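I'd like to ask some things about the structure below.
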C-alpha cells in the first residue's frame, strides 16, 4: 500500500469527481465527499486500512475544464497542502467541442490542454509527495466515434505528462473499455459521460489498484 | 466466484438495506438500489464481472423487524423468484427495546426472532438456489454495553439458523469489530446503527468475500 | 395540404411525443401539448392554416413501449375518434435491451414489436381516415453501433407495416441522419434519445412535409 | 439564405423575446434560449442548415421598454459582437399607458420611443453586419381599439427607423393580422400580448422569411 | 335593506365567484370566502349590518359553465338551504368558444345555456326566499367585438330568465361599461375576464345596490 | 369628494396597512396594494371615480412603530411627493409593552410617540396638500382592559395632533366600537389586532367617509 | 407520586393537547408527543422518575369539541387501554360561538357539552384506573368578558362532572389566573387560546401537582 | 430564588443550547428561545415567577466550540449586558476528535479548552452579576468509553474554572448519570449528544435547582 499513515489525499476534477460533494469543504461526515469514485475510494480506505487514518478531500467542481482548475489551483490545491494529489480533467474540454460546437469560448483544444496541465503538474510537484494522473474517458466503445477519438487524444496527453513527471498514471478509459466489451455504454451512463455507481466502481478500483490497495488484507 | 451467469440476487432487510432505494422496484438505473451496501455489491459485480450479468434487487424497508419481513415475504421474496437471497434483519427488533422501552408492541424478543427467522428460512430454502444470512450489528465496541450484548445474542441466532440450513453466513459484527479497534464508533455512525459510506463498504466487502468475489480478476 | 378543415389529429407515442403534455387531456391552451414536436406541428398548423381549425391531441406517455400502447389503445385512441392518427413508438422497446440488459421483462423484441404494431394498425385502420407511421430513431451516426443497428431493424418493421397498410411513412432516422452528417449527436441530445428543440424541429418538419404542409402559403 | 456560416445572431427585446431564457447567458443547451420565437428560429436554423453553424443568443428581458434596452445596450449588445442583431421592443412602452395609466413613470411615449430607438440603431449599425427590426404587436383585431391604435403608431415608428437605416423590417402585426382574420385573439393569447406557441410560430416564420430561410432545402 | 336577520346568502358561479375560496366549505374565517366580490359583499354586510348576522357562503368553482352548475346543484345549492341565492354564470360557456374553438365539447351555446339556467331557476325558486341573477360580463368596451357580442347575448338571456322568475337582476356588464368609459380594459383585467380588486368592487357594489344596502347607515 | 383628479394618495403605517403589499413599490396591478383597507380604498375609488385617476401607494411595513416611520420618512414619504398622506401608526408601540413586557427596547411610550408623531406631521405638512390621521385601535370592547386603555390614550394623542395640524381625523376605534357592540372581538380578529376582511371594510369605510366618498354616485 | 410503574397515561383533547403531535400514534421519539403540555409532562416524568417507565400517549386533535371526542372515543381511548386518562376539552365548543357566531352547526352549547362529557366519563370509568379532568381555559383576566364568562361556565361543568365521578380535577383557569395577575394575556397567547411554552408550563405544572409529582426527588 | 426582579439571563453554548432559536435575537415570542432547555427554563420562570419579569436570551450556536465562543464573545455576550450568564460548551471540542479524527483543525484539546474558557470567564466576571458554568456531557453510561472519558476530563475543567471564579456550577453529566442508571442512552438521544425533550428537562431542572427555583411556590 503506497499511502502512509496520516496522509492527506486530495482529488481535483470536474463533475465526475464532484458528484454532489459538500461545499466549500468536500470532506468529513454526511456525504461530504459526494456520491462518486472519491467517496468509494475513501470508504474502502477507511474500511480496510482504518489504522492509516487517510484524510480524503474532494475538490471536484462540475463543468470544470483544465483552465478552470488553473484559476482555482492556488486556493483549492496548493493551500490545502495535500500529501497526495489526484487529477482527472478533460471531459468538458472535449465535450463542449461536440455539444455546443458554435460556442468556441467553451472549448479547450489539445495544445492549451496539454500546456496548462503540464504547467500545473510542474508547479505542484515540489509540494506534494505523490501525484496521480487519471485520464478523462468517454463511455463509447467505437474508437472511430469522433468524440471518443478526441478523448483518446487527451488521454494520450495525460499519459505523456504522467511519464514526464513521474506521476502514477491511471488509464480510466482502458478500465472502462474492459467493461464495454460486455455491456453497452447505456448501462453505464445515459450520456456516455456521467457514470452510474458501477462506473464509479470501475474508477475507484482503477485508482485503488494504482496505489496497491489490498482487498484481501486482514 | 459463486454467483453464476444470469442469476438474480435479492437482498431483504431493514433501513440499512433499504438506504433510499426506489419503490416499488429497487432495481435498475438512477440509484434504484439505494445508497448502501446493496448498491456497492451491485456496482462491483457489474464493474468486475460484467460478463455474468447478475441482476440485483433491493427489497429492504426502513424500520422493519423480522415480523415485518414475514408479513411481506410472499410478495417481496417468493414471488420474485430469486436465485440468491440475502437476509440481514434484527436491528429494529433489538433497538426498540432500548430506545422506546415503554412501548412493548415494538419489541421482538429473541424467541420470536429465532422462530420467525427459522420459519422463513425453512419455507424459502426449497425455492432459492443459495441463501446468505448476514447478522445484524451494533457499532459499539464495548461488548458489555447492554444493547451490544443483546445484538450479539441475535447475531448468534443468525449463526445458528445459518448452520442448520446450510446458508452462507456473514458475520457483519466481526467485520465491524476489526474496524472499531482502530476507529471510534462515531466515525462510522452517529447513532451506532446507520453506517457512513465507509461502514457500507465494510458490509459490501464482507458479503463479496463470502461469495468469493475476486478483486484482482482481469 | 392533406389535412382538411375541422379534422382531429391524434399523436401517440412515448416520452418523445409526451414531452410534458397536460394530463389527462393533452390538448388546449397553456402548453397542454407539451414541449416537443407535437406542439411544433400544432403551432405551425395554427399559424399557417388557421382557417382549417385542425384539432391536435397529444397522447404520448413517457416510458411506453408498443405493449403499453396496446394496453391503453381503446381509451386513448379508439375512444378519441381521431380523423388522423400518428404513431411513433419503439425507443423504449429497444433501449431497455441496452440500458438494463439484466431485466428482460422490460424488453420488447422484434417479433413482438412487429406483431403488436401490426395488430394495432389493422384494428384501427377502419376507424381513422389516415394513419401516419413514424419510425423510432437513435441519434447515433455510426450504423454499426449495436443499439443503432437494432433501432434500424425496428425502423424497417415500421416501414413494412406502413407499406402493408397504406399509411403515410415518416423516416425520422433518415431526417436525423442528414443533420448528423454535420453535427455530432451530443448537440441534438445528451442521451442520444431525447432531442433538443432543434431535434424536435427535425421531427416536426418531417411530419409536416409528409402531409404537404406549405411553408410559403399566404 | 442571408445568414452565413459561423455567424452570431443576437435577439434583444422584452418578455416575448425572453420567454424564460437562461441567465446570464441565453445560449447553449437545456432550453437556454427560452420557449419562444428565438428558440424556434434557432431550432429550425439548426435543423435545416446544420452546416452553417449559426450561433443564436437571446438577450430578451421581461418588462423592458426601449429605455431599459438603452441602459444595458453596451453590455448586452455591443460587447457581444453579434454579426446579426434583431430588435423587437415597444410592448411595455405602450402597455403601461393602458394598464397602469396613473403611474406615468412607466410610460414611454412615442417621441421618446422613436428617438431612443433611432439612437440605438445609429450607434450600433457600424458594428453589426445586419440589423433586423421587428415591430411590436397587439393581438387585437379591432384597429379602432385604443391600445391597438397606439401600438400601430409604434409599429410605424419601427418601420420608419428601419427604412432610414436599411435594416431588414419584419411587420409582426401584419403577420398576426392574417391569423386574426380566422381566429379570435383569445386563441393566441389570453392577455393579447404573450402569445401561445402558435403565436411564437407566427413570429419565427415572419423572421425566417425575412432572412430567406428555405423550408424545402434538402 | 332587503336581507333580514339571520339569513343565509349563498353565491354560486365560476372562477370569478370562487376566487380562491376555501374547500369544501367557502365560509368562516381566514379568507374562506376567497378574494373576490363575495368576500367584499360579506365584509361590508358585517361591517355595516353586524346586528343582522348574515351568513354568507361561497360555492363558486373555477372553470364552471352552467352545465357544471347543474351537475352539482343538489349538493352545493339545494342541500345548503340558503335563504338567498345569487347566480353568476356564463363566462366559460362563452370563452371556450373563443379561446379553444376547435374543442367543441367545452362550448355551451345559447340554447343550452338558456334552457339549463331556466331549469335551475324553476327548480330552485320554491326553496329559496329570494333569487339574484347576475349577468356574466366581458371587460371589452367595443360592443362589436365578437366575444363581447356573444357575452351580451348571454346577458340578455339572464335578464329574460330573471324577469320570468321575478328574481333580482344585476347587470354587471352595465356596471363595468360605466367604468370602461374612463379606463382601458387592461386596467381592470389583463385577460378581460378576471377582474382586479377594483373590478370586484364594481361587482360587489352592483350586488349591494340591488339589495338596498345603505352605505351611510349609522 | 375631497380627492381631485390625478392626485397621489399615500398610506403609511404598520402591518395593518402593509397587509402583504408588493415591495419595494406598493402600487400597480397584481395585488401590489396588499389585502387590507388600502386595497379596498383604492378599489372603490377606481370603481366609483374612475374619471379621477387617483394613484394610491401603500408604504405600510409590518412591525413598525412611529420610530420606524421616522427612520424611513424621507425615502418613503417625502421623496414620494404625495398629494395626500394618510398615517395610521401606534399598534406596535403599544402592543410590545404587553406581549413582550421584559424587552423594553421595543416599547414606545406615550411621550416619545406623541413627540415623534407631531414632528413628522409638522415636517410634512408644507409638502402635502392634505393629511389624514387615523388612530390605532384595539379590538377589545372592554375599555378597562389594560391594553385597550393604553391604546385609547394613543388614539387621544392622534386626535390632539390632528386638531393642532388641521389634518382630517379618522377615529378607527370608534368605528370598530360600533361593530363590537354587536359582535364579539374574535369575529373580527383572533389576536384583536389584525382584522379580517370585515374589519378592513370598517377601516376603508371610515376613511372613505372622511373624504366624502359618495357610494351612490352615478 | 400517584402514577405507578409501567402505567400508560393517555391525554385527549383539542389543539392545545395536540400541539403538532405525530400521527396516527402520538408517542415515542422525535417529538411524537407534540410541543405542548403533554410533552412537558412526559419529559419531566422521564427525567425525574425514569425508574417508573410511564408510557405517555397523546391523542389530542386540533379543532375538536366534546362531540368530536365522542365520535372517536372507542378507537382513540377505549381501544388504547390506558391506566390513566386525562381529558381537557371545551375550548372550541365555546370559541365557535364567538368567532363564527353565524355558523351554529359549529357551536356546542352547555347542555350538550355537559351531557356528552358526563356520558364519556361514565362509559370510561370502569375501564381506566384513574381519570383526570382538566378545565378548558381562556387567557382573559376580565371575568365579565363574554367569552371568559362562558368558558368559566364550562369549567364549572367540568368540576361538577369530576366531583360526581371521583376524577382528579385540574383547574387550569385558576392556574392561569395566578399568572394573569402579573402578566397581560398577550404575553401568554396572542389569541388568548393557544399558549406559549410558558403557558404550557403552567398546564404541565398544574397536572403534575395533581398527581403528586415531586420536583425535589433525588 | 437567586434571580431577581427585572434581571437579564443570557445562555451561550452550542447546538444543545441553540436548539432552533430565532436569529439574530434568541428572545421574545413565537419559539424564539428554541426547543431546548433554555426555553424550558424561561417557561418555568415565567410560569412560576411571573412577577420577577426575568428576560431570557439564547445565544447558543450549533457546532460551536469554546474557540468559536471566543470569536463572538464581545458581540454576543459583553455587548448584551446580561445580569446572569450561563455557559455550556465543550461537546464539539471533544466530539470532533472522535467522529472526524483525521481532520485535526476541528479538534480543541484540553489545554486550549481550559485556557480559552478561563480567559473568557476572567474577562467577563467583572461585567455580569452572576456566572453559571454547566459541564458538557455525553449520554453514555460506560465511563471507560473513550469519548465519555474525554468528556469527563472536560467536565472536570469546567468544575475547576467554576471553583476558581466562584461561578455557580451545574454538573449536567451527574444529572444525566442518574437517569442513565434506569434508561439506556438511546432513549435520551440517538447520537448520545442531542437530547430528547426528556433530556432537556434534565438540563433545565439541573439549572433551576442551582438557582433555587421553588417548584411549589404559590
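Structure notes:
Labels A, B, C, D, E, F, G and H are assigned to the chains in the order they are written; within every chain, residues are numbered from 1.
One rule holds in what follows: a contact is a pair of C-beta atoms (placed from the backbone, for glycine too) under 8 Å apart; a residue touches a chain by one contact, two chains touch by 3 or more.
No experiment lies behind these values; they were computed from the predicted model shown.
In summary, the chains found to touch both subunit C and subunit G are B, E. Listed here as common contacts of subunit E and subunit H: F, G.
By count of C-beta pairs in contact, A-B exceeds the other of the chain pairs A-H and A-B.
Counting the residue numbers used at the interface between subunit E and subunit G, under half appear in both copies, so the two copies meet with largely different residues. Of the chain pairs C-D, A-B or E-G, the one whose interface repeats that of C-E, sharing more than half of its contact pairs by residue number, is E-G. Spacing of subunit G relative to subunit H, judged by their CA centroids, is 32 angstrom.
If each chain is reduced to the centroid of its CA atoms, subunit F and subunit G end up 40 Å from each other.
Inter-chain spacing, taken between the CA centroids of subunit C and subunit H, is 67 Å. Computed centre separation for the pair subunit D/subunit H is 64 angstrom, with centres defined by C-alpha atoms. Residue numbers of subunit A whose C-beta contacts span two or more other chains: 29, 99-101, 183, 187, 190. Contacting chain pairs (ordered by label): A-B, A-C, A-D, A-H, B-C, B-G, B-H, C-D, C-E, D-E, D-F, E-F, E-G, F-G, F-H, G-H. Put simply, subunit H touches subunit B in their complex at residues 95, 98-101, 142, 144-147, 183-184, 186-187, 190-191.
For subunit A in complex with subunit B, the residues that touch the partner chain are 29, 31, 33, 35, 39-40, 42-44, 46-48, 50-51, 178-179, 181-183, 187, 190, 196-202, 205, 215-216, 218. Across the complex, subunit F is touched by residues 6, 27-29, 53-55 of subunit H.
Those residues of subunit B lying in contact with subunit G across their complex are 99-103.
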